[in-house]
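Each chain carries a letter (A, B, C and D) given by its place in the written order, and its residues are counted from 1.
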Amino acid sequence: MKSSQNKVTTLALAIASLVKDNCHLSIGGFTINRNPMAAVYEIIRQKKRGLHLYAHSNGQGVDELVGAGCVNRLEIAYAGSGRFAPTCVRFRRAVEKGELKVEDYSNYQMTLRFMAGAMGLPFLPTRSGLGTDIIKHWGFAQDLRNNDESLPKQKLVTIDNPFGDWCDSPKLVLVPAINPEVTIIHVQQADRRGDARIQGLTFADVEQAKAARHLIITCEELVEEDFLKQEPDRNQIPFIHVDAVVPITWGAYPTACYKHYDYDPRYLNNYRLAAEDEERYQAYLTEKIMRTADHQEFIALNDDEHLKTLIADPETGYATGLKRDR
Amino acid sequence: MVKKETDYSLREMMAIAAAREINDKEIVFCGTGISMLAAMAAKNISAPQSTIFFETGAIDSRLEEVPLAVADSRVMHATAVNGGLAEAFATMQNRFTGSRVVGILGAAQIDIYGNLNSTAIGDYQQPDIRFSGSGGACDVASFVNRTIVFMQHEKRKFVEKLDYFTSPGWIDGPGGRERIGLGPGGPEAVITNLGILRFAKESKKMYLAATYPDVTAAEIQQNTGFTLDLEEAEEFPPPTAKELKILRERCDPQRLILD
Amino acid sequence: MKSSQNKVTTLALAIASLVKDNCHLSIGGFTINRNPMAAVYEIIRQKKRGLHLYAHSNGQGVDELVGAGCVNRLEIAYAGSGRFAPTCVRFRRAVEKGELKVEDYSNYQMTLRFMAGAMGLPFLPTRSGLGTDIIKHWGFAQDLRNNDESLPKQKLVTIDNPFGDWCDSPKLVLVPAINPEVTIIHVQQADRRGDARIQGLTFADVEQAKAARHLIITCEELVEEDFLKQEPDRNQIPFIHVDAVVPITWGAYPTACYKHYDYDPRYLNNYRLAAEDEERYQAYLTEKIMRTADHQEFIALNDDEHLKTLIADPETGYATGLKRDR
Amino acid sequence: MVKKETDYSLREMMAIAAAREINDKEIVFCGTGISMLAAMAAKNISAPQSTIFFETGAIDSRLEEVPLAVADSRVMHATAVNGGLAEAFATMQNRFTGSRVVGILGAAQIDIYGNLNSTAIGDYQQPDIRFSGSGGACDVASFVNRTIVFMQHEKRKFVEKLDYFTSPGWIDGPGGRERIGLGPGGPEAVITNLGILRFAKESKKMYLAATYPDVTAAEIQQNTGFTLDLEEAEEFPPPTAKELKILRERCDPQRLILD
């Protein structure tokens, strides 16, 4: 029940109780910013398998879940980590080896699909995709869709505008809603009952959160309800959508968390190097993820000096002057 | 191909070439990498009233350091509004604002009509090479009035037929966009490491508009998988000292993207 | 051109240059809060006629424009001013006398229509309206629509869900986009180039603003661009949508402006009493509106003591303890 | 009809009756006037964990003074989130949150299946009486699981056929909502100045569930334009001293709505 009781729990419990094998999961963030990495690593530690993952442009989080073998099916618009990996390496290998079923959409299509889910609608329209292979090529074939209640029967549907030439849009692409069983997002501030405030760009996190049957919020800071209620204009997610609240500092590391810390260029570059080699990658998984009991231990693998360099400048919101070339 | 010694790199040349395409007062959609440098350079050189805009929801970012992704916290600093993807793409699909946006894109493959592939080479289900996918590219290419495309100039990238059609250019020529239900506009320039290509008013086919110093039109044709009209080709004026100074000192002093 | 130049102008100039007779206009606010009243009164003073007005639940602003004879056609969801006028009086008279053509929608339908306009889409779907007379009864008949390019050919269209029973929605109502020629909203803060910050509930103002071809923003405070850029998370409208910026204190009076002042119960009650009688209403129009040169003079009709009682408590955002019974 | 002297007003009775319908932990959608008082009373008496919610976008408002409209700045104070209409209605249409919302509505006319008219009496194009219109009423009635309706109990308001069908109740009986494409749920109670009416499980027809003290079932039938089943009618327990104290002192001390 998503009412106003205290929902604070541990990451281990939240993942164990809500993220089941083969469940339909969506994670927030974008490429190298505000990915719910602590949750991603906990899912890997708990060896979840067969996940059906939804994302728009999540780079690091998606690639680590795919690399660890947690994901069977992926609906996505973009799998890259900016300059650190124009195409996510483990994602690319898995697709090229046929180990991962992918269905491609555009960023706006994925955003609208989450928005439709949040609005309680079966679809939303757009002009994006007309004439392209995004409409023609389905990642999940018709028979798979017919035998899986959790998938819409069609990937995308093109219709003529029922209002004729109104708004100069003779044709529209209808994108089907996504209602993930679980969405996980990382935010800067939340209170015990689940009200949440994201600082900086929200990406599609709010839509992903409200579209989900169950919502796990990890937060840098656990704050008092009255603190958030003093400036409700700055909050985005009311507690009525939330199942679990997990306070966890550095919860988005190695991706960035605006106003708190920057992404870690060294980690992301080393990750790419590891990802490019099977042996190195297995070593990475074992040493960095599986051998650390939780995110706190994982973060503790860094010396404080290094972490200090990542702390955000309170004015700019990022680590001004951070050395980012390697 | 053979690259001569020059006092500027080809990436610098490409960034400056793209910057020169941006008009003042335009809203500039840029992706990760060199397109950001182009937008930053334009804003600092020829288009001071242009507005830098990212699909992540940042509009009019004050870029004091070059972002390494469109979601980099650096794009969130001192914006007009920090929104999300929904707002960003609505701004481009919007009839009144979308018509003032210029989009800068990149791709793995391009055809003679400027249609783009940024998804896969080979069979879609199990590709020989998998790329990141559309991201916002298909959206931008579908919505805005003009796009500029960055390409590495290689035969396997300038192809007769795309392995996967990710983002619409001029489709199959005159009236192509209208036939599939898209609005006006489309790709205007393709900026490569060898020169600048544009699209013929009538046929909407790509032609060679300019070659960089020490690059020949024949060399460009050799690196293109379809026949180019080479008649219009001029020599491209190299970056000025001022352009290079701003690009190097103001836009990317750490050379995070230029190298 | 809506670029970053200085757009500050006077209300008289903004209305004269952008609000033409017979134009399609939309105004922001909701019942008795943040209506752009200064602009409404200036439209009345400039004797604009034949307006096609769009609103969702604007009470006071709509009723005054209708009462002054500025409006021929109205698309609306709700015409009331809360407890001060459960049904707006001049609106009611005009409709009952057949002097005003009205087309009814629901609040969500109107919100989605503005949202579709803002998104550059010809329509958006909803389940609201299924089976009701909102779909069956058109305020504007087919022949009127066929002969007016500025109206969609249908009021609302019901379709079967192309994705079958996806999201348990067998049928959807499609609501056509609205792209007003001009939208006018009143906000708490804006800068010279038009970036705007609304405090408190945004109602549908942001959608109305972004859907419009031309946008006039009136603001309580004109602030520096750098001030708004220090906390961009709190801004909603970037300058790229804006044509004119008009700083005008008490610009929403007699409706409320959260964090600045409350609605004026005395004014709203007196207005209703005047509205109920033809003679009294003409006297009201002459003395309060036509004989005042501008909003400043109009506000000056109040003694300072009275205005002081309306000033918002900085913490609650309204005039705590305000006497509201008459 | 004749009204006896009582130590509480009928409006107080109606507010308390509605408050008793609200379950703890429910999200309460309320409109202007008595429905706000009912929500405030419930929150202070029997449903402390209920969440007050307005179509204007305010959720979990801290109501220290009674708002005189759903857009009153008083609903914006100390909320969980200050959003707008788009967010508010999406919360009700949303599959997971909408099912936990109870909507409190009022209308000018109601029929035996709880369908509502809040738009017009007479011809729609030039009505005898024009009302405010749907506002959010049609949206709420279409989206949420349960609604409670406030009505003045008069023959001309409880009608065989609505002059204008603004908001859906049980439509035309069992399966009616499903037939037109709506989800489950519908009106549960109608609270009038004479008593409480509910809807039969099978037929979905309105029946008399309770009469206020000193009001007879016959009196209620006389004021209803269709035939009511009166068999189930019980006498409604009057407001308790505690309920009245909270309603008067905590909810509306200025009696802005109670009078």
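The rule is simple: contacts are C-beta pairs under 8 Å (C-beta built on N, C-alpha and C of every residue); 3 or more make two chains touch, one makes a residue touch a chain.
Note that this is a predicted model, so its numbers are computed, not measured.
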item: Intersection of the contact lists for chain A and chain B; value: C
item: Comparison of C-D and A-D by number of C-beta pairs in contact, larger one; value: C-D
item: Mean-CA-position distance for chain D and chain B (Å); value: 57
item: Chain C and chain D: spacing of chain centres that average the CA atoms, whole Å; value: 27
item: Rounded Å distance, chain A centre to chain D centre (Cα mean); value: 41
item: Centre-of-Cα separation between chain C and chain A, whole angstrom; value: 38
item: Chain A residues counted as touching two or more neighbouring chains; value: 120-121, 126-127, 167, 169, 172, 179, 200, 233
item: Where chain B touches two or more other chains, by residue; value: 76, 82, 93, 95, 143
item: Category of the chain touch graph - line, ring, star, complete, other; value: other
item: Inter-chain touch pairs (all); value: A-B, A-C, A-D, B-C, C-D
item: Chain C - residues contacting chain B, complex; value: 1-5, 118-121, 179, 195, 210, 212-213, 226, 228-230, 232-233, 235-241
item: Residue numbers on chain A that touch chain C, as the complex places them; value: 116-117, 120-127, 152-154, 157, 159, 161-164, 166-167, 169, 172, 174, 176-177, 179, 199-200, 233-234
item: Residue ranges of chain B in contact with chain A within the complex; value: 32-33, 55-58, 64-65, 67-77, 82-86, 89, 93, 95, 119, 124-139, 142-143, 164-168, 171, 180-183, 254-257
item: For the chain D and chain A complex, residues of the former touching the latter; value: 25, 27, 49, 51, 59-60, 62, 76, 78-82, 90-98, 100, 143
item: Complex contacts: residues of chain C adjacent to chain D; value: 29-34, 56-57, 59, 76-84, 86-88, 91-92, 95-98, 104-109, 111-112, 115, 126-134, 136-137, 139, 167-172, 200-207, 256, 258-259, 262-263, 265, 312, 316-318, 320-321, 323-325
